[in-house]
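One chain, chain A, links the two complexes that follow: it is found with chain B in the first and with chain C in the second.
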Partner chain A sequence: MRISWIKKGLFFVLVLAIVIPVLFPLLWMLASSFKTQVDIVAWPPRLVFTPTLQNYERVFREQNFLKYFINSSIVGISAVAFSLIMGLPAAYSIARFKQKRLSIFILVARLMPGISFLMPWYIIFSRLKLMDSYVALILSHMLITLPIIVWIMSSYFETIPIEMEESAMVDGATRQRAFLSVVLPIAGPGIVTSVTLSFIFSWNNFMFSQVLSMEKTKTLPIAIYNFVSYAEVDWGAVMAAAVAIMAPAIILTMIFQKYVVKGLTMGAVKG
Partner chain B sequence: MEPKKIRGSFLERNLHIIFPMPAVIFVVVMMFFPVLYTFFLSFTNWNLTSGMPLSIVMLRSYQRILREPRFLAALGRTFSFTALAVSVETILGMIIALILNREFKGKGLTKLIMLLPLVSTPVAIGIAWNLFYDPTIGLANFVLTRLGLPKQAWTGSSSTVIPSLALVDIWQWTPMIALILLSGLASLSNEPYESARVDGATEWQIFWRITLPMVTPTLLTALILRSIDALKTFDIIYAMTGGGPGYSSETLNIMAFKYSFEYFRMGQASVILVFLFLLVLIMSLLIVRMRKSLEL
Partner chain C sequence: MKSKFMLVILVVLALFSVSAQQKEIRVLLANHPYGDLLKAAIPEYEKATGVKVNVESLQESQLTTKLTTEFATRSSTVDVFMTRPLQEGKMFYKNGWYEPLTGYDFSDYPKNALDVATFGNKAYIVPLVTEWEVLYYRIDLFKKAGLSVPTNFTELEMAAKRLNSSDMAGFASRGKGAAAVTQLSSYVYNYGGTYLDKGKAAFDSKEAIDAIRFYGKMLANYGPSGVTNMSWENIMPLFQAGKVAMWTDASVFYGQIVDPTKSQVPAENVGIANFPAGPKGNTPFIVVSWGMAIAKQSKNKALAMDFIKWATSQGLAKRGMLANITMARNSAWKDAEVRSKINTGLIATQEYAAKYGIPYDRPYMSAVGEARDLIGEVIIESINTAGTSTKLEALAKDKVDAVNGLLEDTGEYGVY
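And now, the complex of A and B:
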């Protein structure tokens, strides 16, 4: 009896040794976002302090973070939506017609360094007077979201038994009809996985917006970056901004945890 | 499954071409052509700020960049950053996966916590780590002094900046390797383990002889994918040091970014991009090859 207790205790300690280092930086960020500047620069660092909301007030009132929030949402949601429209049929085709080469093509698209096409875009979008436009940003973010969606969905469609469509087709439906009314309705979990992950990676993207957006379409990662570069670092406000920007991705992850794990372990990571 | 009878409308007969068409056209236009254009630019000396029209100089931009000590240093740094980060991530990830590979109360919560770093916004993470690393008020130095060790400059000194940045990458991506391996371990069959135990094998032997070989395909795929992403690391380095102090944390990606969007030397920037591109392409082909030979 005793030995099994010791074993259990030891295992518990091991799990804590894994979880605490992972969680600690995030918790410290959260704590710092409720600290005054005095508490943040205090030495030794303070664990006990009186929480304040003034950092969040500063971020949302004075820094206009709401606008960047909306920009990030517009870009992320549109990029995901257009990628679904283009990606779902492509993924279906890869899965059902065993288009190996096409799937490799999409894999390579996901792996290519963003900067190797960002520079030409910069030149082209400036010529077309599309700098600082939602169009340019959405198009660029679609190169993050589309490969993720095709990648996840093609392996998801493969798990759907082909008999489903075949029986519909025997009843006289065309294949495209069967895809729309038989396959898509039961592909919900896969779509949730791919939408969640691709939205998060669009939301977190920094490089594309840093180059292609200016004041009008600036997204959150750029806003927080600029926030630090200006003047002396107001750590409390920066941490509040960091918490605010990460909250949506973390909440999505909590809601769709099961799907996110599945999507990530399928190898579809990062844009 | 016998092939379907050819029938129906034009759309239905050509579904395998029409369905993927929009996505393929999009990727070709938005990625393939731009990459070709970058290749073309690498043979020019185009400089956006000079106002001069571009002229083709063939390999002269390559010669200049290849002789540039800053480029060679960045190339080496890109490799050392990747090697350091990915090797630690792999070993730690393996250990974590082996520990967590059993049923216990709170496993779901543990997995959820491990997901958080990899969905966190890298720029925000980088900035938060800058607060830890701050030499005067940072937690990192507080921990060191408590342990009786001397304070460090962390990202502030050229000798410690790369390991300090790699540590952030390790924090963010070790959980992903662990999660991938965990799902790989969960899919292994129990049989070889049982017979090994019957034969009286030690846990250590079981790990080296059974677990590791069986999980190797998963491990290799995860490792190469992670290496490609580590080679391209941009957000964290750019947000934390901008490539500094001096050029001491400048990787190829950061250098290419500066050449393109700070100095506007498009010709030379393109040369750096071609190198980065080739590096990633070689790694990608490695994955494709491996997937084929392992039939993943």
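And now, the complex of A and C:
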């Protein structure tokens, strides 16, 4: 009885030791987003303060962050959707036909520093008059989302027993049909994992949007800089905007957390 | 199939030629109070001229990235942009990205402000905003200690010593290497030194080293703890929280430290004074922090010129002054309405700096970022040893060679 108590206590302490360093900055950010500028810079830090909504007001009323939310969503969702359409068949093909070289080629695109793509993209997109368009942003974000989807899904497809497709094909289904009707329906957890991860990466991407977007298509990570002026930082608004930007990513992860872990480990223990 | 494709191209081309007939210009502004002011005023300009102004505002480093990408790929559609003469001016000029501003009347600008706007005998940048180094101090603490405002470095040190306590930093200034370079510059000047002399790095001179040692001693003995990681982002909150008695930095922060919605220190307790004199007199920096320029690649230069004349006009400069922006135009400071509304301390320090100040606060060269990092290492060493490091001369010599190397790389060595 006593030993199990000690064990439990120890477990709790260890959990705290891991969680506190992670959560502390987030809590600090959350608290600061409800503080006035004076309270934010106060030293020693004020733990008790009168909360204010003025920071959120500046974020959503004065700066119209809703617009940037919509921009980020359009770009993220479209990039993920197109990457699924192209990536799922590609991943299936890599898994079933052992196209290792192709998969490494896709990985290289992901490993190359993103900035090396920017100059050529800039030239191409501006010649095509696609600057400040969703098309350019979605295409560029597919560089982030497509490799993640291909890589997670190809190892996921490998875990699906080939016999299931074979029996479908024996019954007269084409390979395409077997892929659509047999493989995809049971690949759900893998798809959820890759979609969640790639969407979050796209949501957080700064570099591509910085160069390729302008006022009309500005995404959230760029818009947060609206509160950083010359020789002046509006910390309260920055914190409030950061909270607002993080919320969807955190909620998404919490909902799909179960699948994400499952999907990530699925490929690892294939026998 | 082919003819269909050609048709599409023709239609697209026709569309673009139509849009080219509507008068339009693209303007890139910085996230800066004057940028905000312009953004709000642009509808007036559009109404008066019928020109559509496509305006974007960006944080300063994003602005530089965007301009550099657009200009370097030769596919820019920018017509007019805000620019930082000291940080990027030389590089932009050498790359041929600025259009010379012939036909602009520069007679209303201080001579030292035009120094950085001119290359050869042509002006390329209209100075917008100036800033100069000042001493911020706490009037209440000085009164309580019976001290008078320091006018030279000896008095500065004495006051810092008196006001320093476990709860209060007697003195603060930027300590974070590269960021400190600009605020150290006035110390170097007042000791008789300089960063660059006739196109060669010169911060290993005895005068410059003395200044760096003094700066290190002051910050190590009376500065806030962790000062070698502090730039203005960190020191201003400390001052606003009432934890700093004296602070030397650029005049641009005055508005924020007397703003009751941002500072815990009541405005009547915040003083502003001339930067203290050194052994070789008092020549603090006064720099053009922001200017405005026309892009060489612009296809609408006449419209751009018209816009820039409006955007830097006397009328808007006055509105800037009334919004607490320290404008470059002389006339803006002489305006009676402005003088009645602006803090007299700020006016006095501006008058002094405009008359005697030096128009550079950093080594003025293309590779200014790298050079600042190198000088920053010398500053950190000095602060870490409270100015006593025996290695300081050797270290400075080392960095001088490195900066000279940078100057040689861009063909600026010995050129002035």
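Please note the rule applied: the second predicted complex is superposed on the first by the 245 of 271 C-alpha atoms of A that agree within 3 Å, B and C clash if a C-alpha of one lies under 4 Å from a C-alpha of the other, contacts with A are read in each partner's own complex, and residues count from 1 in each chain.
We adopt the following convention: a residue touches a chain if its C-beta (ideal position, glycine included) is under 8 Å from a C-beta of that chain, and two chains touch if they have at least 3 such contacts.
Note that the structure is predicted; figures quoted are calculated from it, not measured.
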### Message
Taking chain A as the common reference, can chain B and chain C both be placed on it without clashing, or not? Answer clash or fit.
### Response
clash
### Task
Kindly classify A:M119 by the partners it touches after superposition: chain B alone (first), chain C alone (second), both, or neither?
both
### Message
For A:I251, using the defined touch cut-off, is the partner it touches chain B, chain C, both, or neither? Pick first, second, both or neither.
### Response
neither
### Message
I want to verify the contact counts: of chain B and chain C, which reaches more residues of chain A?
### Response
B
### Query
A:I70 contacts which: chain B (first), chain C (second), both, neither?
neither
### Query
Should A:V211 be classified as contacting the first partner (chain B), the second (chain C), both, or neither?
both
### Message
With both complexes overlaid on chain A, does A:L27 touch chain B (first), chain C (second), both or neither?
### Response
neither
### Query
Between chain B (first) and chain C (second), which does A:W43 come into contact with in this model arrangement: first, second, both, or neither?
both
### Query
Should A:F105 be classified as contacting the first partner (chain B), the second (chain C), both, or neither?
first
### Message
Under the stated touch criterion, which partner chain does A:L143 make contact with: chain B (first), chain C (second), both, or neither?
### Response
first
### Task
Using the superposition on chain A described above, determine whether A:Y225 touches chain B (first), chain C (second), both, or neither.
both
### Task
With the two complexes overlaid, spot the stretch of chain B among 111-119, 147-155 or 183-191 whose C-alpha atoms clash with chain C.
147-155
### Query
chain A residues touched by both chain B and chain C?
40-43, 118-119, 122-123, 211, 225, 228
### Query
Which residues of chain A touch chain C in their complex?
36-38, 40-43, 118-119, 122-123, 126-127, 129, 131, 210-211, 214-215, 222, 225-226, 228-233
### Task
Write out the stretch or stretches of chain A touching chain B in their complex.
11, 14-15, 18-19, 21-23, 25-26, 28-29, 32, 40-45, 85-87, 89-90, 92-94, 96-97, 99, 102, 104-109, 111-124, 139-140, 142-143, 146-147, 150, 162, 169, 174-176, 200, 203-204, 206-207, 211, 220-221, 224-225, 228, 235, 238-239, 241-242, 245-246, 249-250, 252-254, 257, 260-261, 264-265, 267, 269-270
### Summary
chain B residues touching chain A in their complex are 1, 4, 8-9, 11-12, 15-16, 18-20, 22-24, 26-27, 30-31, 33-35, 37-38, 41, 96, 99-100, 104, 106, 108, 110-125, 127-132, 136-137, 139, 142, 171, 175-176, 179-180, 183, 221-222, 225, 228-229, 231-232, 234-235, 238-239, 253, 256-257, 260-261, 266, 269-270, 273, 276-277, 280-281, 283-284, 287-288
### Residues of chain C defined as touching chain A within the complex
16, 30-33, 36, 54-60, 62, 65-66, 69-70, 72-73, 75, 77, 232-233, 236-238, 240-241, 243, 250, 252-253, 256, 261-264, 289-290
